[in-house]
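Chain naming follows the written order as A, B, C and D, and within any one chain the residues start at number 1.
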Amino acid sequence: MSDPITTASFLGLSGALLGIGLFGILTRRNFILLLIAIEIAINAAVLNFVYFAAFASTPASGLNGQSAAVVLVGLAATEIAVGLAIVLALNRLRGSINVTEATSLRL
Amino acid sequence: MWQATYLFDWAFLLPLLPALSFVIVGLLGPRLKRLEHGGWVAVGFGFATMVIGVWIAVEEMLSSGGYTDQQYTWFSIPGNGTGTFPNGFSLVVGTLVDPISALMLIVVTVVGFLVLLYSIGYMHHDGGLPRYYAELSLFLAAMNGLVLSDNLLEFFLFWELVGVCSYFLIGFYYEKPSAASAAKEAFLVTRVGDILFLLGIFVYFATYATSGSAGGWAANGFPFVQGNQPFLAGAMGGHSTTLTIAGLLILGGAAGKSAQFPLHVWLPDAMEGPTTVSALIHAATMVAAGVYLLAVASLFLGFTPADQLAIVAIGGFTSFFAATMALVNTDIKRVIAYSTISQLGYMVLAVGAGFAMVGLYHLFTHAFFKALLFLAAGSVIHAVGTQDLFKMGGLGKSMRITGFAFLVGGLSLSGIVPFAGFWSKDDLLASVYGTLATHPVYWPFFLMALATVFLTAYYIFRAFFLAFSGPASRDPTLPTAHEASWVMTGPLLALSGLAMGAGLLPFIPAFASLLPGAGIPPHYGLSELALSGISLGLAAGGIGLAYSLWGNGKVYTAAPNSALGPVRALLLRRYYFKDAYDAIGLRGLYGLSRAADFVERYMIDGTVHGLERAFGGLSNRLRHIESGVVLDYAAFLVSGLLFLLLFLLVIAPWLVSTGGI
Amino acid sequence: MDLGTLIPQFLPEFVLLGAGLLILLGERVGLERREYFGALSLAGMLLAFLLVAADLGTPGMGGLRGVSAGQVDGAAIPGALYGFSSLGLWFQEFFLLAAGLVALAFLSRPSVERGAAVSYALLIFATLGMLLVTLAADLVYLLLALEITAISSYLLVGYTRRDPRGLEAAMKFYIIGALSAALSFFGASLLFGAYGTTSLSVIGHSWPSGSGGLASAGYAFLLVGLGFEVTAVPFHMWAVDVYDGAPDEVSAFLAGGTKKVGLFAFVLLFTVPLLLVGSLSSATGSARESIQLSLVVLALLTMTLGNLLALLQPEMKRLLAYSSISQAGYMLLGIAVGTAPALTGASLQILAHVLLKTGAFLVVAAVSALGIGPLVADWRGLGVRRPYLSAAFALFLLGLAGIPLTVGFVSKFVLFSALVQAEGWFLWLAVAGLLNSALSVFYYARILKTMYVDKSPTAEETAPARSGEPLGADGLGWGRAGAIALAAVAVVALGVYPQPVLGALGTAAQHFLSLGL
Amino acid sequence: MFPALSFLLLTLLVGTVLTFLSGRWARWVALGSSMLFLLEVSGLLSGFSWPGVSASGVPQYAYAESYPWISLPWLHISYTVGVDGISLPLLLLTAILQLVTVLYSFDERRQPAAYFGLVLLTCLGCAGVFLALDVLLFFLFWELVLIPMFFLIGYWGGLRRRYAALKFFVYTHVGSIVMLVALLVTAFYSHAPSFDFAGMYVPAQALGVTTQALLFAAMLFGFGIKFPIVPFHTWLPDAHVEAPTGGSVLLAGLLLKLGGYGLIRWGLELLPTGLVHDQPLLYAVAFASIIWGSVIALAQRDLKRLVAYSSINHMGIVLLAIAVDSNLGLLAAVLLMFAHGVVSALLFMVSGSMHHTFGSRDIATVHGITPRTPVLSTMMMVGALASLGLPALISFPAEFSALLATWDRLGYWVLVPLLLLVVTAAFYLWMMQRVLFGPTEGVPETARDLPWPEALAMSMLVALTVLYGILPGLLTNVIIHSPVYGLP
């Protein structure tokens, strides 16, 4: 790695993003906010890819990282789309999008 | 001589014929009402057996004490050149006809036949006759097999079989709880002896496996006689301690069967069986098997001096010890039973002192007069329906033959000249006396034996006077006694004849060849004559005392508070031996077993159930973590992540640095 | 690369894609009878199956895929996105098998049902994703393929959209799935950061040299992300609810199919790093051992807790869910050891589980279609009422319990033999696994007891199946009957004579590892 | 050469399947197939000739067959079967017990097809265990025995049948797992070329002392649970008490023998050094079982429990005979297993008949049955006497050789089993005194003597008891055609 300090700081940033995402996921009961949190968490990964690609040792590696980032953005989009679909269905069926209320499946 | 070899080869018929009778009577008995439910079948076979047995014995006399051995392999293992049995190991069943077995054959087959005949009358009114005659036949078969055994294992095999027959016959009246328990007691006590016997067999077999001719003892099936020579383990050398132990173990076995101290308790209780059974099994034959075993062992295996001392001690003490218990007993059969124990003690004493033949001589005579006594007693019981001496009385007039028979038996037992018992017992005492010079340690036991002469005469005549003398029966409720039919009186007379004459048979040279060796027929030097005088005097004294106390319907009652009182109580309680054994058996063993059962149920199984419950509880706990709330699941997932990170980033490197992994 | 080389290389995948699109098209043009879609997708899957079989059958593995032997079971091409391995192709067959069984069973659902077409299409797309996973040589490619599978299965779980249980299941599945996807993405990004590449083999070989724990962290994140896929404890909790709530056939597909994808992802991701354990200098070697250790711990946790939880579970589907969790533990064990025999054992175990679990869940589907309740207790006396169905179920349970003459017995035997054969401390893994299977026998026995020993609730129900009913298949439709029968036959056949498949898997595993080196 | 053993197994399988399918006629089908089984085994016996030990010192087998089954570079499993003097008598026992069991429960009313099918399946499994010479095949049959027995106890059993069945299952299953591990380790750590007996023989014996000792100990545990050895025996009384009579008969007659056979075949023969090294442990366990079984039996009121504990005692003697590791001991072990198979079967039938004749097996409340049911009483008597080792009955030659072998190795320690023989005699005699003798009590008016199928089955066993008691050579001449020769 070229410069440990910057690496560390960047990792701290992406780590913080991930942390925020996870925190959101664990605490939000509203499905929409949950989706946003997930989006944030995924973006931490995207950010990593972009950063590491930028400081890549070889151009090939850089390309590799950037393409990965792009792919991930796409994936994130689909994830969220599917999530929204489920939200709609849930809302239509139960009239609520509070994820903790749906607990019919349990012992 | 051709016919001799001819019949020797057919010796196996002796066990086989009664066995056949056992099968026939056992299966068809209930159908044969006409033939006394198979009784006559058994008698017939018994007669055939007697003929063959006696015939073989006679031939043995004429062939002057040779050995004839037939072997049939039972099973065998090939050897592999190593271990204790390098040349393999074979167990055989055979028939060995030799002098002493011929002698025993006469006893077993003759008494057997007479008892069977007598039973026809005696048992007539009982139920379950097929069972009775079948078991009696089986006993005869087993007893013949035992007598003809040609090796220790076979001996043990038939030994156990006669044991189980005695078990069944003691328990013949199985509805009576006392009979059932007496049968069990007999089996168990003798079983203790059997275990020692078996261990003794192991010791001999393992020690001398390779000794002897051709391939060794083991490979030839451990025969008593090899190439017409007694095996004589003693002569084979081997560690003397081992030999001594082996001898003691054999003694243990004999003590069990012959009801010697301290395994004597079962025989008096065995009187629960029919009197005929007591006569045949528990007087004449089976109980004598122990003595026979000792004789065989001393002839074919050899005892060490230590063994001999032990045997002498046991025999001498038992003879006295049992006689004392007979003094006070009120049950006619039990009196005779105690005298049996005591007489067996004599025989053991003789064998121990090194006079196996003398012991067998006494066994021979004893078989007849003791069977006679029992059958006479049986005839009395048959007539009056009780065994309590103090209810009888005055039977001498109503039952002349029986009274005569009992008198003959009593005189013979007391050793009054010229009855059979006199010759053998006298010879026995004389022979033992002869050894005292070399073995002064035998003195006390010799004296006990001598004292026993007096006691014997006393208790048997006490019984005689109580039953037969006096004006009339003491208990008016008893039926008026009368003599039974010829099937019962006939055997009585026959046995009376034997009880009178059997003692003189050895004076016939041919017969003497059945008892080869020291002192048969008795040789009368000065000391022997003196000794006979003393013993005759003692016997006469005993009879006299009995007459003065019990004769002519007198009844002697010692004041309970007098010095005799406690003694009498002690004797009636049989020195508390039975009580002690019951305590060991019931409270001791059974208690232990209950305790073990408790441990089993609550500790061993308890642990298992504990585990089971633990698993179930755990499963339940864990299942309820599954709350159904998705965010909880997420939380678990994330915490799992944190653990992994912790492990891979912190713990693992640390472990690596410390060389943990 | 142009399509000219791509199409032949991905022929089976394209066939599936085509089938899926055709189905959607068909719905557009107004077809609605389930039979059409079913036939179409079955045809597609069968064709794909045969194509892959042909590849496997062709010596040198060039075959219809028209790729040079170098790319199949040859040395991996550095930086290649995908590569062909015979082991991967075998797994493709497994997945197609599972999907085929489910598609067949789907036929017995109401002929006209809302979302029938979509369900088939989703099934196909999920399968497509699964096939792609087996070809992955690159981390991103792998994640992409996994996401295809995951997203299609979220939708598949909730495809009816009217059933609250199904929807709730979908929701839970989605949330946990998305979360773990995010985590695996992050893990991938860290690995990329560590070695500047996403090529699996390169990462595997260079790890853990020269990265301040970055790579280890990456592996940790990926372990979690994939652990979700394979329902490894403690990432398993969604599975029970989802299997419970999803339509029965879908549960069969999830348990029998998609879960195995995660397992193959494990193989791809960890076999290479684990290969060299021990053969390396102490420091790096032991660092790799730490990964192995965490895998083993996961595996042990998974099978033990799975069994413990199943022990007293009153609901049939949840019980099966837990049992499949514990089964995953065995497979993970095989993967964690990382020797060729262990990999063989794990592969066979996976195949066995595909057949047994799919079969079991399909029986559940049939039974609930008969209107029998979800509790184990509701199955009382089924042995008398529905002899054939019960016999099949009993067979599957015995297989799961590892009783002789079923494929389950052979697979467990091979797997545990492999653990013993690896010697060293792996022996104790074998013991642990065996004790676990002993534990599992309890609840299988419990079900058997319920079906055969216990009395039926009411006399009316005890009446045996009416003779008029089709095929003696106890009145469940042809589709289900066929699927169940197929699975049952395969279970017994492979149990009695496994050699053909087992031998091939053995060689495949060998090749795969040599490929990694 | 004609594949006799495969044919045997095949006919057994066919018979079992047919029985399951043949509904009301099941009992006849079962009877027929049992007779065929017995016929085939007698055929094997008549044509039996042991090929001996090969030049490389590996014991060989009569009627041997071997076909490859699973073959991987590291795993070679084959279908290998064969018999020698050790397995053949046990196979004969299997055939006999199958026949008598079917006969005894000929009037079974509850689900007869399933019942007889399961009985036959159990016997099939046992036969397989005795024939199998490959680790996998052996384990396969071993496990196969478990399931039918589980159902026999669990469905046809008594009040606490569920508990008993589960207990039986758990214990034996755990045992078989440990056994499997031990076998696998033996195969792999010795780098045996294949999993069949011949392939493992030489390499296994070459294993180090410690390894062998550990492996043998593991096998002792694995096989021992089937024996059963104290303190892992508590499943046995429960299983016996709850099982239907047929189940108890097979359980005591065959399943216990599987343990003994396995320990001889896979333990003693493969790991001789381990055996020698573990001898103290073996002696301890054997003595414990002998003492415990016999002493506890004395306290039992339920006849089945009593017989069950006496089985523990007898199998303890078997273990002892195996432990002394001499050819005499091995012969005794096999002989004793056969004897115990026959006698315990008889005794369990007696208990079963006692139960459905008097409605109780409680020897403390049922008294003096002899006048009412003479036949049953006779059977009980013969069984008890045989079990306490009366000469001229089957157990005596076996126990005699076993104890002689013990004396040969252990000297006066033999007093332990010897004295326990007295206790054994004690509880049997006491049982007879209470049940058979004395005034009649606790016997319902409706009590009738044995129905013919039970009487027939028992008389067959009695006949065998006497026959082999008088002519043990019939068995020993077979048994010695085995590595009994080879043992030092």
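Criterion: contacts are C-beta pairs under 8 Å (C-beta built on N, C-alpha and C of every residue); 3 or more make two chains touch, one makes a residue touch a chain.
Quick caveat: nothing in here was measured; it's all calculated off a predicted structure.
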Chain pair, A-B or A-C, that carries the greater number of C-beta contacts: A-C
Geometric centre: closest chain by C-alpha means: D
From chain D, the most remote chain by mean C-alpha position: A
For chain A paired with chain B, centre-to-centre distance based on mean C-alpha positions, whole Å: 97
Distance from chain D to chain A - Cα centre to Cα centre, in angstrom: 65
Gap in Å, rounded to a whole number, between the CA centres of chain C and chain A: 26
Geometric centre distance via CA averages, chain C-chain B, whole Å: 78
Multi-chain contact residues (two or more partners), chain A: 22, 25, 99, 102-107
For chain B, residues contacting two or more additional chains: 623, 626, 628, 630, 634, 638
For chain D, residues contacting two or more additional chains: none
Touching chain combinations (by label order): A-B, A-C, B-C, B-D, C-D
Sites on chain C touched by chain A in the complex: 79, 139-140, 143-144, 147, 151, 154-155, 158, 161-162, 164-165, 167-172, 174-175, 178-179, 181-183, 185-186, 188-190, 192-193, 196-198, 212, 241-242, 244-245, 314-315, 318
Of all residues in chain A, those that touch chain C in their complex: 1, 4, 7, 11, 14, 18, 21-22, 25, 31, 34, 38, 41-42, 44-46, 48-49, 51-52, 56-58, 60-61, 64-65, 67-68, 71-72, 75, 78-79, 82-83, 85-86, 89-90, 93-94, 99, 102-107
Contact footprint of chain C on chain D as seen in their complex: 68-75, 136, 139-141, 143-144, 147, 150-151, 154-155, 162, 166, 169-170, 173-174, 177, 180-181, 184-185, 188-189
Residues of chain C touching chain D in the complex: 340-341, 344, 398, 403-405, 409-410, 413-414, 416-418, 420-421, 423, 427, 430-431, 434-435, 437-438, 441-442, 445, 449, 452-453, 497-499, 502-503, 506, 510
Touching residues (chain side chain A, partner chain B) in the complex: 22, 25-27, 29, 99-100, 102-107
